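Listed next: structures, encoded as structure tokens.
The two complexes that follow have subunit A in common; it is paired with subunit B in the first and with subunit C in the second.
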Partner chain A sequence: MRSYATIALVVALLALVPFVTASNVVLNFMVVALLIALVGQGWNVLGGYGGQYSFGHAAFFGTGAYVTAILQVRYGVNAWIGLAIGVAAGALVGAVIGALSFRSGLRGSYFALVTLAFAEVLRVIASVAPITGAGVGTLIKLDLRPEAFQFQSRAPFYWIILAFVAISLLLVQRIEKSRFGAYLVAVRENEDAARAVGIDVFRVKLAAMTLSAAITAAGGCFYAQYFLFLDAGIAYGPWISVEALLAPIIGGIGTVFGPLLGALVVKSLGEATKLVTGDAPGLDLVIYGGVLVLVVAFAPRGTAGLFESARKLLRRRERTHA
Partner chain B sequence: MLSPIILIPAILNGLLTGAVYALVALGLTLIYGVLHIINFAHGALLTIAMFAALFCYTLFKLDPYLAAIGLTPLFFCLGYALQRFVIGPAAHGEDRNILLVTLGLSVVIENALLYAFRADTRTVNLPYGFDVVQVGPAFLSVPRVIGFCVVIAVALALWLIMRFTDTGKAIRAVAKEKLGAELSGINVAHIYAVTFGLGTACLAIAACLLLPTYYVNPHAGNAFVLIAFTIVVLGGMGSVAGALVGGLIIGVIESLSGLYLGESLGQIGIFVLFILVLLFRPSGLFGARA
Partner chain C sequence: MPDMLRVENVSCRFGGLLALDRAAFFVEQGQIVALVGPNGAGKTTLFSIITGFLAPNSGRVLYQGDDITGIPPHALARRGIARTFQIAQPFAGLTVRENIAVGAHLLRRARVDALAAAETVAQEVGLAPMLDLPAASLTVAGRKRLELARALAIEPKLLLLDEVLAGLNPSELRDMMPVIRAIHDRGITIVLIEHVMQAVMSLAKHVFVLAEGHMIAMGSPQAIASDARVIEAYLGHGAAQRMRGAPHG
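For the complex of A and B:
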């Protein structure tokens, strides 16, 4: 119960941000950070709990984004219905890629490679297919009504993405305590042993991948509504695949709050770099990459792990003083 | 069906392109075969090498083929140092960590180059850049024919090193049985780094061969990465001969699918092949069944 209370507290505190500041810069920063937290939480389900490192989560993000956008622009479908279909489409893509690669027993580096390749195939297709607007991209018409999932100010967007993040936190918390979560961790720790004790490894991985893809696709749908523009490089580009894995790894892989913490840390670092150096292209990503290497080298359990070690250290010190 | 007048040049050109792909893949497969890691920084390292060759030419008027003589040992040292002092220690011997560390490195390198040189695409104008030689019905670009010959020579040299030198023997020993090699007195960390260095040195040569006919920008190396992965998987992870043959096959496939499907969709041919091979024959055409 305590863990659910923590989630409620964190979400409630975050929900207060628009009351504290009306600054568009701050809200925009928070919206993007929460978006990355959501996408990262998707990656975390599969990579953090299931141990299957995907380098191609752009495939799900982009599918969610494009489906939402294309349904609205070309078929006049309501944006909220588009969101639901976008999430379903992302989950479907995840299930198909998962079924194909897990069926042929791809693990570790091979799995990372094949997910990367699928994302690239989708990117190339999206960059030439007429339905995505090819090189020109897809522009969602401005229609500032809540029914159209567009808002005058940033605060409603912020609360919506926060709600998405809250749902993903609850979902992952539930998984962590569930039988399915235990199976997933067993697969991560030792796939052969998991199979030996009777876990249907294929189904567990497939379920994790489908859920992971659905969460990430929800991020893609939100992106489309928030920025109202998509092209192949944005939707299916490698940047989102990298951010999706960066957030949980830096925050604390395979933990409920890891992606949220990591997204805030990463985005703050990015902004800090921009403050110091001005708007130089590439430099924020240099920092991300460097942080990724440093975290893997020195804090394999992420920022959350660092806090934990610091707390233990403090406690030990208190004990020796007492 | 197209007439042989068009088909034969396309195939020959594909073979020439494929040779350079093969060289990039050779480095990758060597590293995979010994360290059992997929080096995601491979493309970024190729980009660095291309920039190095470019600046050798623009600053010192050094011909790319001459620059290769200096750059190859330099990149060997770079690769050695990267593995010995960055990737090895940072990864704590865990495969998943190595994936992330090399991915992180590639992000750092690529964007540092983007920051330093912007996204501009640069090319060099060499006097022989557009020379052609006639072979049957085909006109082949001279720099690419040279590239093809150099690649064959490098592959041969690599094979000789692996076969007949003590270092080569040690590399093969580590690849086969790491613990056993360590017990018989081989310094595994050193051999890992040497292998990584050799793989990186291949990139320096590839970059110098590419420069006369290709462009350089901070993302230039990426174009080769997935192709190189495809070749490595096709040829069997860790197989030198497989990489060579796989590279030539991919070059021809790319050239032909470009001919039939057009430039941008032609890329898909390679990715689709890659996915199919991964799904149905992950051990490759030459690799042993895992």
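For the complex of A and C:
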């Protein structure tokens, strides 16, 4: 129960941000950070808990984004319904890629490469297919009504993405305490041992990948509504695959709050870099790379792990002083 | 009543190596049976085939009268076949309690129930004091116990133990034997792969000897120990005759 209370507290505090500041810069920063937290939480379900490192979560993000956008632009479907269909489409793509790669027994770097390949194939298709607007991209018409999932100010967008993040936090917390979660972690730790105690490894991985894809696709749908523009490089580009894995790894892989923490750290670093260097293109990526190396080398359990170690250290010190 | 387990003419080939050559054996319900043989005889391969980790090239495996050849491991675990691994395979990042709970989840959906069941099983195999330690920190003896505990947690009818006694020192061995006997007394049928002859002699009613993929002998532990074919398999051609000829004392 305490873990749910922590989630409620964190979400409640974050919900206050628009009351504290009306600055569009701050709100925009927070919206993007929460978006990355959501996408990263999707990656975390499969990669953090299940140990299947995907390098192609763009495939799900882009599918969610394009399905939402195309349904509105070409078929006049309501944006909220588009959101639901976008999430379902993302989940379907996840299930198909998952079934193909897990059925062929791909693990580790082979799995990572195959997911990357699928995302790239989708990117290439999206950059030539007429339905996506090919090279021109897809523009969602401005329609500033809540029914159309568009808002005048940034605050409602912020609360909506916060709600998405809150749902993902609750979901992952629930998984962590469930049989499915125990099986997922068992598969990550040792597949043969998992089989021997009756775990259908293929099904567990497939379920994790489908859920993971659905969460990440929700992020894609939100992106489409927030920025109202998509092209192949945005929707299916490697940038989002990288952000999706960077946030949980830096924040704390396989933990409930890892992706959120990591997204805030990564995005803050990115902004700080921009402040210092101006807008030198690509420099933020260099910083990301450096941070990633440092985290993997010195804090393999991420920022969350660092907090944990610090707390233990303090407790030990208290005990020796007492 | 059909036998608990019956292996019929199972052959298994790895490239040029015939690991099992029409091997056959059977286990009646409620027995402890030992499977012995020199290194490389094919014992672990046979276990892997019985538990579905490997598919045989020919032959079949019957479990309680049903043909289970080719059924995947997880489905067999659900039908009551549990195994341990010769080289312990813990979920290294988890605690002992969590490790055992993964097994207990097979019959229990709720996390609390699985964790509670894990504690009971840990007590049975003597892991209770280590419940909250990370599995990676266990000694060899601890890991063997954990293998046993996790297999027990799925509440099997048939338990296949692959060298759970190997690598234990004499006092650990003394502690472990009653544990296995107690599991057997609960009505669980056990097949042991074991090199520790002292254990085989005192636990098993029936012994099968595998050498170079063939089942070369079967019988009571005492009969096996003096069987000429068995002595030759372990000590080389002609050894039995030399032993018989050698003066005693």
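Here is the rule we go by: the second predicted complex is superposed on the first by the 322 of 322 C-alpha atoms of A that agree within 3 Å, B and C clash if a C-alpha of one lies under 4 Å from a C-alpha of the other, contacts with A are read in each partner's own complex, and residues count from 1 in each chain.
Definition applied: a contact is a pair of C-beta atoms (placed from the backbone, for glycine too) under 8 Å apart; a residue touches a chain by one contact, two chains touch by 3 or more.
On a predicted model such as this, the values are computed, not experimentally measured, just so you know.
J.: Look at where subunit B and subunit C land on subunit A after superposing the complexes, then choose clash or fit.
T.: The answer is fit.
J.: Looking at the overlay, what does A:R195 touch: subunit B (first), subunit C (second), both, or neither?
T.: It touches subunit C, and subunit B stays clear.
J.: Please determine whether it is subunit B or subunit C that touches the greater number of subunit A residues.
T.: Partner touching more subunit A residues in the overlay: B.
J.: Who does A:S178 touch here: subunit B (first), subunit C (second), both, or neither?
T.: Second partner only.
J.: Looking at the overlay, does A:G76 come into contact with subunit B only (first), subunit C only (second), both, or neither?
T.: A:G76 contacts neither subunit B nor subunit C.
J.: So after the superposition, what angle do subunit B and subunit C open up at subunit A's Cα centre, nearest 10 degrees?
T.: Taking the centre of subunit A as apex, the angle works out to 80 degrees.
J.: Using the touch definition from the top, say if A:P130 reaches subunit B (first), subunit C (second), both or neither.
T.: Neither partner.
J.: If we overlay the two complexes on their shared chain A, which of subunit B and subunit C does A:A186 touch? Say first, second, both or neither.
T.: Second partner only, subunit C.
J.: Examine A:G289 and indicate which partner it touches, taking first as subunit B and second as subunit C; both and neither are also allowed.
T.: So A:G289 only meets subunit B here.
J.: Pick one for A:G278: touches subunit B only (first), subunit C only (second), both, or neither.
T.: Neither partner.
J.: Minimum CA distance, subunit B versus subunit C, superposed model, integer angstrom?
T.: 11
J.: Would you mind listing the overlap between the subunit B footprint and the subunit C footprint on subunit A?
T.: In subunit A, no position sits in both the subunit B and subunit C interfaces.
J.: Touching subunit C in the complex: which residues of subunit A?
T.: Listed in rising order, the residues of subunit A that touch subunit C are 177-179, 182-183, 185-186, 188-190, 192-201.
J.: For the complex, which residues does subunit C have touching subunit A?
T.: 51, 53, 72-75, 77-78, 82-83, 85, 89-94, 98, 101-103, 105-106, 108-111, 114, 150-151, 153-154
J.: Could you list, by residue number, the parts of subunit A that touch subunit B in their complex?
T.: 51, 53, 55, 100-101, 103-106, 108-110, 112-114, 116-118, 120-121, 124-125, 127-128, 242, 245, 249, 280-283, 285-286, 288-293, 296-297, 300
J.: Sort out for me which residues of subunit B touch subunit A in the complex.
T.: Residues in contact with subunit A: 37-38, 40, 86, 89-92, 95-97, 99-101, 103-115, 118-119, 218, 226, 229, 233, 264-265, 267-268, 271-272, 274-275, 278-280, 282.
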